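Chain lettering (A, B, C, D, E and F) follows the sequence in which the chains are written, and residue indices restart at 1 in each chain.
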Amino acid sequence: MTEPGAEVMARFVGPENVDRGREYLESLDPEFHRYIMDFVYGEIYAGDVLDAKTRALCTVAMLAALDQQLQLGVYVRAARRQGAGEEEIREVLRQVAVYAGFPSAWNALATMKRALEGLADDDAQGGSGT
Amino acid sequence: MTEPGAEVMARFVGPENVDRGREYLESLDPEFHRYIMDFVYGEIYAGDVLDAKTRALCTVAMLAALDQQLQLGVYVRAARRQGAGEEEIREVLRQVAVYAGFPSAWNALATMKRALEGLADDDAQGGSGT
Amino acid sequence: MTEPGAEVMARFVGPENVDRGREYLESLDPEFHRYIMDFVYGEIYAGDVLDAKTRALCTVAMLAALDQQLQLGVYVRAARRQGAGEEEIREVLRQVAVYAGFPSAWNALATMKRALEGLADDDAQGGSGT
Amino acid sequence: MTEPGAEVMARFVGPENVDRGREYLESLDPEFHRYIMDFVYGEIYAGDVLDAKTRALCTVAMLAALDQQLQLGVYVRAARRQGAGEEEIREVLRQVAVYAGFPSAWNALATMKRALEGLADDDAQGGSGT
Amino acid sequence: MTEPGAEVMARFVGPENVDRGREYLESLDPEFHRYIMDFVYGEIYAGDVLDAKTRALCTVAMLAALDQQLQLGVYVRAARRQGAGEEEIREVLRQVAVYAGFPSAWNALATMKRALEGLADDDAQGGSGT
Amino acid sequence: MTEPGAEVMARFVGPENVDRGREYLESLDPEFHRYIMDFVYGEIYAGDVLDAKTRALCTVAMLAALDQQLQLGVYVRAARRQGAGEEEIREVLRQVAVYAGFPSAWNALATMKRALEGLADDDAQGGSGT
C-alpha cells in the first residue's frame, strides 16, 4: 500500500526521522500526525514545481525568520540531504538578519551548528540517515 | 567611481527602483539609506555563495512569513527578474501556509497578484525594468 | 455531488462568502483554494469535537492576537452567525490585550466595529447572509 | 478582607498556583504582581460575559498562536479545570496550525502532553488542585 | 473630581488627543477605554521611575519593533512633546533594524515622516498641541 | 590598530564579553561576526545622538517585546553598566506588558532576575566587568 506523504517526508528528513516522528506524533495527536502526512508532505512538499534543494532552503529561511529552533534543526539537516552546502545554508541565515533581525539570525546559526555537529556524530557512528 | 551596493541592488530590484528608492530613502533618513546600500546590498546580497534566484526566493519566503507586504511586492518582482517562474513563487507562498499560517499565505498571494499585474502594466507601457 | 469543505465553510462564513471567495481564491491560486476547502474546512473545521460557537470565538482570539485584520473581520461575522453575542466577542478581544498587548486589542476592536456595521448595512439592504 | 483578583485567579489556575505564583511574582516584581491580580484577574477574567470554559479555551488558543509555552502549560490545566475535555483542547491546538502554522501547533501539543502528564502525576500523589 | 489616567495621557499624547480618543474609544468599547485610562495611563505611565522622554522613546522602540504603525505615529509625536529631538527618534528607529529587521525599521521611518509632517501642518494652522 | 566596533561593543557589554563573544561568534560564522562588529557596533551603536543609557534601555524594550531572552539577559546587564537603575529597567519591562502582552513581560522579568543574580555572583568572585 502506498503512503505518499511518508515517502515525500522521507526524501526531506530521512527515513529514520519518519519512523521516529511517527511514534512521537502518534503520541502527541494522531489527527495532527495525519495532517502532516496528508497535507504538509502529501500536498505541499509533494509538488515538483520547486526543486527539493530550493524548497528546503526556503523552509530554513522561514523557520529561522519565525524563530522556530526545533524544526529548524531538522530542516538544516534536510537541506544538507538535498544537496545544499553548509556555506549556502549559512548564507540564508545571514540574510535572516536583514529581514527578522540579528537575534533571530544568531539563534539560527547556533541551531545550525548543533544540528550539523549532531549529523557528524550520527555519521561517525555509522548512523542511519542519507 | 564605483558604488557596489547600488549595482547589486540594481541586479535584484531593477535600476529604475534604485533611482526611485534613492530619492525616497534620502527623504526618510540618509543614514538608513546608507545602511541599506552598504550593509544589505554591499555585504549580504553581494555574496556569491547563493545563486541570485535562490536568494530572491528565500527573501520572498521570509517576507511572506513575516507579513511584510510592501517589501514582498518588490521582491516578487525581483524573483521574476532573477528567473523564477510565476509558478515557483506561488509554490513558495503555498509553503508559507505550513510555517506561518493560512492568513499570511493568503495576504502574500494577494500581494503577488498585484505585484505581477503592475509588472505587466509597466511592460505594456514600454516601461523600464530588466 | 458533495463538496464537504464548501458546506462547512458556508456554515461559518455564510454561503454568499463561499461564492465570492471561490472566484477570488481561484484568481489568487487554485491550489491554495483547494487547500482551504479540503484541509481548512474539509478537515479542521469539519470536526464536531468543538461546538461551532466556541470554535469561531477561538478563531477570533487567534486572528486578533496575530493582528490579521482582514480575516478577523470575516470571523467576527462568523462568530455572530454561530450565535456569539456582540458582547461575548468584545470580551474575547479585551482579553487579547492581556496576551498580545493593547495595540492588537485596539486594532481588533476597530475591525469588529467595521465588520458589524457592514453586517448591519447588508441586513438593511435585505442582503444575503444568515 | 477580600482580594477579588486572587479569587478569580484561583478559579482558573487553582488555589495552589495562586500561592506558588504569589511568592514567585513577588520575587520578580511586586508591581507586576499587583497588575496581574488587579487588572488581569480583577478586571479581565472577573467579567461574566463569557463562560469560564470558553474563556480558558480562548486563552489556550492565543497562547499557542503566540508560542508562549510556559503560560500555555498553566492554561491547558486551567481549561481542564473549567470542564474542557482533553479532546476539545486538542482540537483548539489543531486549529492553531491553520492560523499560526504547524510549528506553533506542534509545540503547543507537546506542551499540552507535558502539562496533562504533570496533572496526572499530581493527582496520583493526592496533590492539591481543583 | 480627579481623573488621574486622563492627566497622564494628556502629558504624553496631548490634551486634544485625550478628547478625540475619549469619543473614539467609547464608540469602540467603554470597558477597553476604562482599561486604557485606569491601567495603561493610571498605573504604567503614571510611575515616575523613568523620565517621560526615556519612557516615550522606549514606547517608540517597542511599537516599531512590533510593526504597530497606527500607535507609533501617536508616540512619535508624544516623544517630540517630551523633548526628544527628531534625530534621537530617528536613531531609535535605525536601531530597530538590528533587532526586528530592516522592513520594520523602514515602515517605522515612513510612519515617523508622516507623523511629523502632520505635526508641522497642525502647528501651521495654529492647531492645538503642546 | 583600531577596531572601532569592538570598542563600542566593550562599552556596552563589557570587555570580557567582547572576548568571549569573539571566540563564540567565530565558531558560529566569521562573516556574521564581522557584521556585528562593523554594522551593529561599528555603525548603529557608534552614533552619539542617543546617550548610552537611553540606547541600552531601548534595546531592552525591543528585546523584551520580541521575546528574545538570550540577548535580553546581556542587555539588562549592559543597561546597568550604562547607569540604568534596577528599578528603571524593571519599569521598562512593566511597560512591555502594555505593548507586547503579559507573557512577554513576565518572561522578561524572569530573565532580568537571572541576569542580575549572575552579575552579583560575578562581582562577588572579583569577576571581570565594568
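One rule holds for everything that comes next: a residue touches a chain if its C-beta (ideal position, glycine included) is under 8 Å from a C-beta of that chain, and two chains touch if they have at least 3 such contacts.
These numbers were taken from a predicted model, which means no experiment stands behind them.
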Labels of chains that are neighbours to chain B and to chain E: A, C, D, F
Chain whose mean Cα position lies farthest from chain C: F
Gap in Å, rounded to a whole number, between the CA centres of chain E and chain A: 42
Distance from chain D to chain C - Cα centre to Cα centre, in angstrom: 25
Gap in Å, rounded to a whole number, between the CA centres of chain E and chain D: 32
Multi-partner residues of chain F (each touching 2 or more other chains): 35, 39-40, 44, 63, 66, 68, 90, 94, 97-103
Chain D contact footprint on chain B (complex, rising order): 97-103
Chain B partner contacts - residues on chain A that touch it in the complex: 39-40, 44-45, 47, 49-50, 54-55, 57-63, 65-66, 68, 85, 87-88, 90-92, 94-100
Complex contact set, residues of chain C against chain E: 90, 93-94, 97, 101-107, 109-110, 113
Touch list for chain F against partner chain B, complex: 35, 39, 43-44
Residues on chain E engaged by chain C in the complex (per definition of touch): 27-29, 31-32, 35-36, 40, 63, 66, 68, 70-71
